[in-house]
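Could you have a look at this structure, given as structure tokens, before my questions?
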Amino acid sequence: MDQPIFVIPLWADLTAVGLGGIQGALFASGFRGDRRLDLLGVAIIGVVMGMGGGLIRDLLLNVQPVTLQSNWYLITATVAALIGMLLAGVFQRLNTLIVVLDAVVIGMFGAFGTSKALALGLPLVPAVFVGVCAAVGGGILRDVMMGLPVAIMHVGSLYAVAAGAGCLVLAVSSAFGLALVPAAVIGIAVTTVIRILAVLFDVSLPEQRMLHRRKVAVETSAIPTVRP
Amino acid sequence: MDQPIFVIPLWADLTAVGLGGIQGALFASGFRGDRRLDLLGVAIIGVVMGMGGGLIRDLLLNVQPVTLQSNWYLITATVAALIGMLLAGVFQRLNTLIVVLDAVVIGMFGAFGTSKALALGLPLVPAVFVGVCAAVGGGILRDVMMGLPVAIMHVGSLYAVAAGAGCLVLAVSSAFGLALVPAAVIGIAVTTVIRILAVLFDVSLPEQRMLHRRKVAVETSAIPTVRP
Amino acid sequence: MDQPIFVIPLWADLTAVGLGGIQGALFASGFRGDRRLDLLGVAIIGVVMGMGGGLIRDLLLNVQPVTLQSNWYLITATVAALIGMLLAGVFQRLNTLIVVLDAVVIGMFGAFGTSKALALGLPLVPAVFVGVCAAVGGGILRDVMMGLPVAIMHVGSLYAVAAGAGCLVLAVSSAFGLALVPAAVIGIAVTTVIRILAVLFDVSLPEQRMLHRRKVAVETSAIPTVRP
């Protein structure tokens, strides 16, 4: 267990970490007023978004966090966050680029999580669960640390569902004998396409249906929505 | 450590997970307005309440999370959450049933946590601590993910205390030579009874006493209180 | 991995845990109104502040949490929290003492975290990261559990930077051949001095700079700031 038999290529892992770091900084740099962040805060959010998914995956699998076994993960995430912050004005005019990048990152984190879980012997359902946690975990940590409502909990585009679908396709392909690398590529593609289509067509899950007796008054909170 | 010598029977574990999932869905389905959850959100809260306690227990003990070693945990928690959501209208008219179920679930998670910690060789005090974390951890995760104040932190019925008392009785009985199974049954009974009595008689801990110099203005937040 | 080669002396560890527990109770006892805590809530915050850093460190390193291997950690943190609560009125008139104690505690948690990470073979950058997480992790957990904005994320005195500087000096000294004990002492001193100077001269990091298009309206929240 301490020497995982499954290794994600460093370049692929660092690509996901770097893209996550940029995403985090773009998100964090949207805040003003009392919630404004200093340089360190933006860097922290970048690190959380870039490395959070991998950390959560390895905690759930009870293995050494890969992101702490090399200097490169933290350096990549931090540098990516600073670049993201400096270029936030440019990036925010390229909304399409952000959505696509984000979809690819989710797909990568999900695929890496599910692949590693399968390689360590987990059954199909928990392997998909670990992948989804890896994909959306960074965003949950970000929201919790910034004191925001956790985005994936509320009515919105099919965020976690896209991750889950990609991970499920990967796991099922693998169960039918496909090698992990092509299965992961297919899984990443499925997640990316579903996520982009969901944003394009503004799809959302049906709300829960139930007769209820009491109303809860909640104020509308204005949040910048890099991630819708 | 990777092959725990102590095994909670699957049926007992899944019972606790399923009851937790129902509880989570009942809680989540009380929200409306900006905080309303979609189907996925309700399922996530169900999974968090059903599996969160066991995950936290195994993270603290640094062992493989049992809830990820079989497909049944996630399936049970998700199905239970969906059932809870569909029947929320019925359940909410059976408030007594909810309180009793909840008390039993807390007792079970606490007893499983403390038993496993003792079986792995932890001393008495941390074993009780692990049990309490397992009992209330799901609720803490739920509150954090929903952006609510963490319920056990604020003046209310003796929630964590009931869990702690049951775990303590279990650990002390075990220290005096009682086998784990009868000790666990006694511990579950103690937690359940204290929790139900606390709700019945609306007992709460004394507030902290201190002379203070400043007042903090906080808005009243309206939260549905399945768990008071 | 299950038998760490590196052992922090129990007295030093318990000193940090006890000081952390007092800090947590002082913080928690500042709340009134809807956010007021009962006795249990204050004790929980004390335990979170006293033991949270060590727990996070050991989770990141994937080793048995040391704080759960002995009865003394929980007993120390709880007793310290109760003392802190009873004497909160006295302590709050000694603001200087609180700031100094806090700076020393941050330094100790950071130094213990980085030392243990280096001893377990982590490279320099992640070892510093683990130290910073150990130093500020308790405070983050506290803020999340109390539903407050996470203090280190927002413009303020150089809190995490002080921890990072001390951990970096420790790690670099160690890389140049200095033994861990003197390196840790130097690291603690660096963190303490930077933190105290930052409070004295009210230094803060520059805010992020970026042209932005939208403003976010956020209400001012009144929070007692034991930790500025």
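Points to keep in mind about this one:
Think of it as A, B and C in the order they're written, each chain with its own count starting at 1.
In this section, contacts are C-beta pairs under 8 Å (C-beta built on N, C-alpha and C of every residue); 3 or more make two chains touch, one makes a residue touch a chain.
Please read these numbers as outputs of a predicted model, since none were measured by experiment.
Rounded to a multiple of 5, the Cα-based rotation taking chain B onto chain C is 120 degrees. At the interface between chain A and chain C, two copies of one sequence, fewer than half of the residue numbers in use are shared by both copies.
A straight line joining the Cα centres of chain A and chain C is 28 Å long.
Residues of chain A in contact with two or more other chains: 59, 62, 144, 147.
Against chain B, the residues of chain C that register as touching in their complex are 2, 28-42, 44-45, 55, 58-59, 62-65, 67-71, 73-75, 85-86, 88-89, 92, 144-147, 222-224.
Residues 1, 59-62, 117, 122-126, 129-130, 140, 144, 147-150, 152-156, 160-161, 204-208, 210-221 of chain B are the ones that touch chain C when the two sit in their complex.
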